[in-house]
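Some notes on the structure that comes next.
Chain IDs A, B, C and D follow the sequence of writing; residue 1 opens each chain.
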Amino acid sequence: MSENVEKYIKRKVYKSTDSKIAQKFVDAGLEKLRACINCGTCTGSCPSGRRTAYRTRSVLRRALTGDESVLEDIDIWFCSTCYTCYERCPRDIPVTDMIIKLRNIAVEEGHILDAHFGLANKVFYETGHGVPANGEANKKWRDLRESYGLPPLPPTVHVHPEAVKECQELMKSVGFRDLLDKIEEQKEKEKAEAEKNKEEEK
Amino acid sequence: MTETDKKIEITGNEKPKIGVYVCHCGVNIGGVVSVPDLVENAKTLPDVTVGREYKFFCSDVGQKMIKEDIEAGLVNRVVVAACSPRMHEPTFRIACQEAGLNQFLFEMANIREHSTWVHMKEPEGAYEVAKDHIRLAIAKARNLAPLAVQKVSVEPVSLVIGAGITGMNAAIDLTKAGYKVYLVDRSATIGGHMAQLDKTFPTMDCSSCILTPKMSEISRNKDIELLTYSEVTEVTGYVGNFEVTIKKKPHYIDQVKCNGCGICVDACPITVANEFDLGLSTRKAIYVPFPQAIPSQYTIDMDSCVECGICARETVCEPLAINYDDEPEYIQVKVGTIIVATGYDEYDPTELKQYGYGKYPNVITGLQMERLLSSFGPVVGKPVKPSDLEAPHSIAFLQCVGSRNFREGGNKYCSRVCCMYATKQARQYKEKHPEADIYIFYMDIRAFGKGYEEFYESAARDYGINYVRGRIAEVRENPLNHNIIIRSEDTLLQQPIEVEVELFVLSTGIEPRADSDSITNLLRIQKSADGFFLEAHPKLRPVDTLTEGIFIAGVSQGPKDIPDSVAQAKGAAASAIGLMAKGEVEIEPFFAVIHPDRCSGCGMCIQNCAYGAIEYVDDRRFGEIASVNVALCKGCGACSGNCRSSAIDIIGFSSEQLNSMITKRE
Amino acid sequence: MTEQAIEEKKSESKEWEPKIIAFLCNWCSYAGADLAGVSRIQYPPNIRIVRVPCSGRINAYFIIKSLTDGWDGVLISGCHPGDCHYISGNLVARRRFAIIKELLEFFGIEPGRVNFMWASAAEGERFAVLVRKATEIVKKLGPNKKFEKKW
Amino acid sequence: MSEESKRKYGFFLGCVTPNRYPMIEASIRAVFDHVGVEIMELEGASCCPAPGVFRAFHIPTWLVIAARNITIAEEMGVDIITGCNGCYGTLRDAWVELEHEHELKKMVNEHLAKVGREFKGSIEPKHVVQVLYKDLGIEFLRGFVKHKFNDLKVAVHYGCHIVKPSDKRPWGGECEDPTFLDEIVEITGAKSIDYQDKFQCCGAGGAVRTAVKEISADFSREKLENMRNAGADIIIDCCPFCHLQMDLGQMEANTIYKDMVGEPYKIPVIYITQLLGLAFGIDPSLLGLMKNHDLKGVSPFIPLEPFLEKVKEQLT
């Protein structure tokens, strides 16, 4: 037997078309997806698919048929939400909204890139801005503002600490903080495990 | 034993003995609610003497059970709880009649369409609804009275609206059975869409070759009065006796004087797009639709004509047939039956901007491609790119344009002809240009007709046509050569693809006529959700409408190909012939009656009656009161609903009957 | 336990469900209701259907009797204006209902208890939607006690 | 024009506009001030939150925070105006959803009640371009034009969320081939040129830029190539995130896809109100078109001088 036999023998056969994800779509009122005739208008319209392995139709079909590995697939983060597929779908499926919902489900299961997680957990939650201008690192941007006769910080959450608190309170209330904490814990656990494995290997 | 032998006399005075028959309808009813419980419950209600259940009461065995009870004198009113009365009321009425019971002593409780099918997921609720519907039917049955059917004569003349392949076939069949036909078409020629087609799938016989002989047969047929360039403007009356007004639009040319020399056409200075060629060629303001048109009559299109007067000159029109002041003419005819065969419109793909139709010259529709392929079309059967009039080296077809589309402006249904016509057009082009690359972008190929699958199979195998599974997402034009660059997904490869072709054909679907509302309003017929005319029953009465005496055929009823259209034409003709052959037809004796002692003569009912069926009479005892002309009355009840002294009642839906249903006893 | 007692117990344990009488014209709405059935479109089991030839057949008396006889709601549905099988019966009905509506309000009947609507033979889905809506409205209004006989 | 002069809007800044491209903020303020529209501050507004990232993480959070931002304008009784397609997308989508879905509104208001707010739906979120085109109108704007840039060839970039999803946008369902931005551009005398895939996405949105910058850069590389092939002098856009992607993205494309790009891109990127302001005769330094500083590593990354050079004659 050849050494690389794993490479050739996959034994990957879908056993079921029951899908937890599909059920979540239905619960979110997105059961329209079931009207899909797999025409590929979404994939054909997708500017991202022309340069990445992201295939709109295939992603949704995997979600619909129970291939849950789609949640771990980084491809689903390559949709730039340009809504072209949404506009052209002949079955009136809100395709882009489905992708966003799919990402929600992925995040719920802890599948989120570190960069995205940091943006949510550190930047947005802490400052109320997605792209902030406060802090030492951003001094040049404040200076730039001033050079055009604008105050160094805009009249947003940046100059209203109470508004930051208010946003945080809302994020706690709606369960975002818990979600972030859950993911953080999971991420730390994964990191520790990875390090442990590394040491064991050594 | 004849019917009269065993007629059971009911005068309305004897105590009602109601038989209740609850149908399981297989599992349709019995699988949701407990039929035995429904029967037991019905039996507890007053006057119910018999309660039975059976799997299918509409079957012979089921009907026999009812008949036996009637004949044994156990029941004198029959209630069947089953499907919709629109389905089987006639069946059970006949059964009652055969057993000697007056057919109007029958009532139906709809516990399938209105209960077990719509409350499948709530069986308890379905049971309650079914129980109540049976109770309501029993209440009405208790108050039923025997009625005598009305018979009216049927005029042995038929009106066929639309003279495409469907209307023409229906008309010919009607005359073969000996009936006179008025064949009306609003365009200046007969032939319809089929006249625009080149060859027909899957046999590849030429459309004109099979159509033109039919057209001349029509023009020769003395029993067909051909009314082209005409429209039906009013229809009154009822089955067997329709009064029809037809408007003959002015041709602005005296058809008697005109000798058809055609000099006027050459002389006419106005050139407009030719609708017969879908804008791919031009015609003059004075024109004949196409060379083989029947009747071969000239017409001035007044929307484009500037009345310059050139064609009216004696040097141009020697017989002086031009008449700019021509007026429409209205004729009135009486017919017994009407067949509607008004056909379809092609879907307009302009709104699908991503396909560039109307923007890029080399994007055309399927029907335009048909004209390009036609031997008497604008390019005599040698298709070219509109941009440079050169034969294309590559063509892509896109299927389901406007069809199977849930978006606003799209059609949800399958147009049923596009898969085959695209395949046919691709094959036709490939026959002459074997080197050309042909792509058909499809979602599903529907090759369901006789010989269709074989036709499709051969297209790929023998002709090398490339079928790509995927709906084109967008196209753009190559600015250098007007080629069309297509973006799509090849869904079987799961890959985005880009293809450049020289001609892009949109296999546009079929739509109901944009103005089909005018027909439904005129004839009081219904449309189904897709906008096509609604048949009385999707399977068993496919060419009947809910209005007796009016039939539908061809694409006006739903997308279909030529064989199916012709089959329907023959079906509709046979149905119309059946009515006319009998010479008389039974109509339900449901009409208004006036209690003269209560009528105050206010005249409100006269105003509300849409049929002019009520008039004042001078009654010796009651003075000036309203009186119903039963021949005109349709029994709608608009008069009764407004009568402030409750002097009018509607037989079949009497106040007593309705009140007994409303009365809630719990 | 008597049957009645069982019934009462049952009804106590469950949410109150209104009973609505629906007068449907034979040509459009009744056919539309049939289409809802054929298409298996589900709607709440709260209506009881009475077939009438035309919405024009319905007079004020039928509506008032329905309410005095204890129906919680009345629903009348005909062809869309312009589509009447009897040319103008539904228009006559529309005028009449405009007046009846005011009369009923004068009586103290809550507006949503009596509903007039249009549904064609092709509108099975619309029919179901309208029934759902009407049921919801009547449910909110609660049982019809205005005409409860108190003797 | 007394009615127009009374127009008031609450200016929703978002993040990228004030914190990375303040020249856009300055130009919006300058242009609206010039045409007599009052711009009011939405004090304490936060990130919209961004539709591609935060909405994709947790839809309820996105909706609640968006609703909070809308309530700030509701309290002031003014419509929202934003210059960012992303903010517009979020605020408008949230607004439409909350208007139509009773249950959702109830849920959102339960959370907002905890901070003493309530979403009512009394105001409409609008885009700067929407206000220019629909509220003020082309003819009104035309009246302010002082300078015409007749030789200027402009590649107009709409971005996505200003037109899509079309059922939640005010353009009557048009999304395949809108013209409103071109029309505004053309009142300045400039020519809006056609280029391949004009309506294609810049590639920044949808969390793609944060996820893999190279993919975003490939989107913009393709767009830039098409713009360059069509002979564009400048790029006009109406979204700061697209702006960043087209501006900073040129630098990125020039490095990441060096071999494909060849001659580095250097097409000046101008925000619509910058161009409009210039045509109106507003001082270019107020519009952020002139550099007033010697800071390093700040926007714009592609110098605007070639543009100013090109229109110099027409400005005098």
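One rule holds for everything that comes next: a residue touches a chain if its C-beta (ideal position, glycine included) is under 8 Å from a C-beta of that chain, and two chains touch if they have at least 3 such contacts.
The model shown is predicted, which means the values in this text are computed figures rather than measured ones.
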Touching both chain C and chain D we find B
Going by the contact rule set out at the top, which chains touch both chain B and chain D?
A
In whole angstrom, how far does the Cα centroid of chain A sit from the Cα centroid of chain C?
48
How many angstrom between the C-alpha centroids of chain D and chain A?
24
Which integer distance in Å separates the CA centroid of chain A from that of chain B?
51
In whole angstrom, how far does the Cα centroid of chain B sit from the Cα centroid of chain C?
31
Chain A: positions in contact with at least two other chains:
84
Tell me, which residues of chain B touch at least two other chains?
354
In chain C, which residues are in touch with two or more of the other chains?
none
Following the definition at the start, I'd like every touching pair of chains, please.
A-B, A-D, B-C, B-D
Residues of chain D that touch chain A when the two form their complex:
13, 15-16, 18-20, 22-23, 25-26, 41-47, 49-61, 64-65, 68, 111-112, 114-115, 160-161, 164-166, 175-176, 197, 200-201, 203-208, 210-212, 215-216, 218-219, 222, 286, 288, 292-293, 295-299
In the complex, go through chain C and note every residue touching chain B.
17, 19, 21, 27-28, 30-31, 33-34, 36-38, 40-54, 56-59, 61-62, 65-66, 69-71, 82-89, 92-93, 96, 120-125, 128
Where on chain B is chain A touching in the complex?
354, 400, 404-407, 410, 443-444, 469-474, 487-491, 494, 496-497
Residues on chain A engaged by chain D in the complex (per definition of touch)
47-48, 51-52, 74, 77-84, 86-87, 94, 96, 100-101, 103-104, 107, 112-113, 115-116, 119-120, 124, 128-133, 138, 140-141, 143-145, 147-150, 154-157, 160, 162-164, 166-167, 169-171, 173-176, 179
Residue positions on chain B within touch of chain D in the complex are 353-354, 408, 476
